[in-house]
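Handing you a structure now.
Labels run A, B, C and D following the written order; every chain starts at residue 1.
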């Protein structure tokens, strides 16, 4: 019984990770985000890939009080002995509704090129994707935002960086074209949200769409540190978790 | 009822995080790890702080097949629809036994300076800490390693980087002195492990010891991406999770 | 801002749950499983409903070393300070692959009666369901088992109890008929597994299929107690978690 | 490499659990709560033990909107595809602060008898425990309640049932005596809360105090079903999770 893996192995003197010597090649040489790149691609990123990845993950790591970060705070209130539980509870709320979209965008784009060919005209592919999804009654991941409208400030920033670093490729072109045709069809401006940009740029960086979700989840774990720390700083009595608990308790409307 | 916070706020055009404009000041400007720094310190790190933090978090993010990463794989086997659950399950095993030590090291050092004064001779403080803990029957966090002996390869690397970047300060000096006296007392070489170095360097970067655990947990989330991805690449049948499950099932020794 | 709920409310003297006084009506009067019934149905079960529910949940609460219970043990190894994390980690592996089937069975049956009518001949409905799913390339939840073949010992037991207590109704008849026609079509005996029986009986008890998963998850939490306790009894060094960790570490086959 | 266990084993025809045949001896014969008893004691409970255990677990399974159940609802909002995550997130908040007390009560009582002898006068033991804890600056688990004062309605109910079923023994006597002396010392009535009763009765049932936490956690999982179901019934837009999210977002008080 053997457990084959590319991830890593320790010997008394060395720790190997994805073909690299952790001490010689990684510590001090790469960023934390690059560890996720290594996990997904089994090689170190180039300098531009590292910059792009950090930009993508920074943009998704934090978005204030979300159901996910509030769960982290409530869990910390009940289990302050276990910061890992607070972070884990926050991640569990990062499901299909809030973090799923960037994976679905990447899937939509990658599958479209697979189906219609890498060399087909982008406008033609966009039109086919649009028609297919409308016909099937499917939603468009990456479009719309409850607050950021008509523009998500992160979207153009990420595309600008991608352009500069050489990652604004055919997938970015396709999401932008689908978005354009979608707005025309609807007759109004609909936000191309950050998930749309991220899903496209990950695709242009040649990430498999199935890996996108776990990258996003990892970046959320980093963002959740702020919420654990803030609760510690407030102290139990003044913590957001405690205030929220009191508020809810006072406003329960119990109906038999 | 207001929810005060430094963490963040969104308006239709802007997302503010810890006093910064996410789009203008953070995306493309800082690394993912710096988001954790922001969360703990409410300011962007300097260039050297960012380098040091990335080195620390890279060094702790991955260590091959641990109970934590194996839980991630087993969870993915049962719930492939939910990558966030796989990552969360892995984090839950990152408790006192494997990830606690770096926090305890930081606590031991920070409390020692608080108790004995910032300006007391390091050798004197080390001696007192040593005697106190021996008397109280306490263990020494940061000392010993089941595999890496007599040296943990990450320890000297991290201290070298800390030295170069200006973060090898009094806490590093104290852990090294405690370690020296401890080995003398025991009459043999005992590993100063990576948790010892990390706890000391975080302290020299002026991180509150209570924040160390959540930083470590976040870095593990990034490391766990590799384990989720590898299971996807193997496919269910050949996944480590499935193999392990089969192996255990075949070797159950059931005793009434 | 009010939070309407049927679940519960506390006053200094009383705790109300789903219209009942916890102290007067529930403690000492109902079983733990009945609390889940209350949650799903907003009323206490009859004596027969309680018996049936306990039988169903007992049958699914424990199945030895599964990926889920092994995650619980590995998590306990890393975080013995947090038994709740060990249980939670185990639940996270109770996803679509192992616990989803009973929900899918209930959905298949409930949707079939909705589509073809309560009064249509069972053989006709079964035939239609079968043809539909085969045509759509869908699998049959509740059929097949890697170990229990050609019969799952729990299946007939649960149907016997359901019959005795008055819960072997049209949904049970339908799953049995689909199973019969499925085996005829395949020309061989295929196990009707415990998930098939549970999904059908829950439907005959008039549970909404969407509630089945959380009931199953709750019963797994009860089963996981045994795994936490056994690890405590072995002690760290002899625990299954530790043995497994050592074994994997010794058998890592690292490939660059 | 063998994995010894008392928990269970499957063969094609049989499933054995703790020495019993699941189909013959357990399904239809015992309650769900008894599975936890089996896990902790490796034998089926007597009829009275089963009644008592169900009463204890019913009393702790649900307490309305707690940080734990609110996390469950917020997690369901973000990840409706994964009911197990919602339940798990709720359990993660069931840490030392809310669910720890019953374990600490049981520990205090069991350790007291171990230290001072089974046959020592209860009043003497109570006095010693009281003095020891006051001197050490320790809190008294099981005493006080933010809402239920001067009496927790569950406490006397549970002691009445324990008395009737033969489980109101020396541990119950000790907690009641410590409580009496504690109130005299303070010169006022302080609530003996449900955790105090549960910790004592579990001890009188001869449960190891280290097992109490996981039993409590399991019962919470059952209680959380009601919260998942209610969110499903409301539907996303009207769910408590969504309302809470909106409310917090509108009331964020962001301070640079």
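Keep this in mind: contacts are C-beta pairs under 8 Å (C-beta built on N, C-alpha and C of every residue); 3 or more make two chains touch, one makes a residue touch a chain.
Since the structure is predicted, the reported quantities are computational estimates derived from the model, not experimental observations.
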**Study point:** Winner on C-beta contact pairs when A-B is weighed against A-D
**Key:** A-B
Check your understanding: Where the centre means the average of the CA atoms, what chain is farthest from subunit C?
Key -> B
Check your understanding: Upon optimal superposition of subunit B on subunit C over Cα atoms, what rotation angle is obtained, reported to the nearest 5 degrees?
Key -> 180
Check your understanding: Between subunit A and subunit D, what is the separation of their C-alpha centroids in Å?
Key -> 37
Check your understanding: Per the centroid of Cα atoms for each chain, what is the distance between subunit A and subunit B, given in Å?
Key -> 23
Revision key, fill the gap. Note: subunit D residues in touch with at least two other chains are 1, 3, 5-6, 8-9, 64-65, 79, 81-82, 84-86, 88-89, 92, 94-95, 99, 244, 248, 252, 254
Practice item. Spell out the residues on subunit C that touch subunit B in their complex, using ranges where they run on. Key: 1, 64-68, 70-71, 74-75, 77-82, 85-86, 88-89, 92-99, 241, 244-245, 248-249, 252
Exercise for review: Using the touch definition up top, name the residues of subunit D that touch subunit C in the complex.
Suggested key: 1, 3, 5-15, 17-18, 22-23, 26-28, 30-36, 38-40, 51, 54-55, 57-59, 61-65, 69, 82-89, 91-92, 94-95, 99, 147-149, 151, 153-154, 157-158, 161, 208, 210-211, 213-215, 217-230, 232, 240, 243-244, 247
Review point. Within the complex, which stretch of subunit A touches subunit C?
Key: 1-6, 8-9, 16, 19, 79, 81-82, 84-85, 88, 92, 248, 251-256
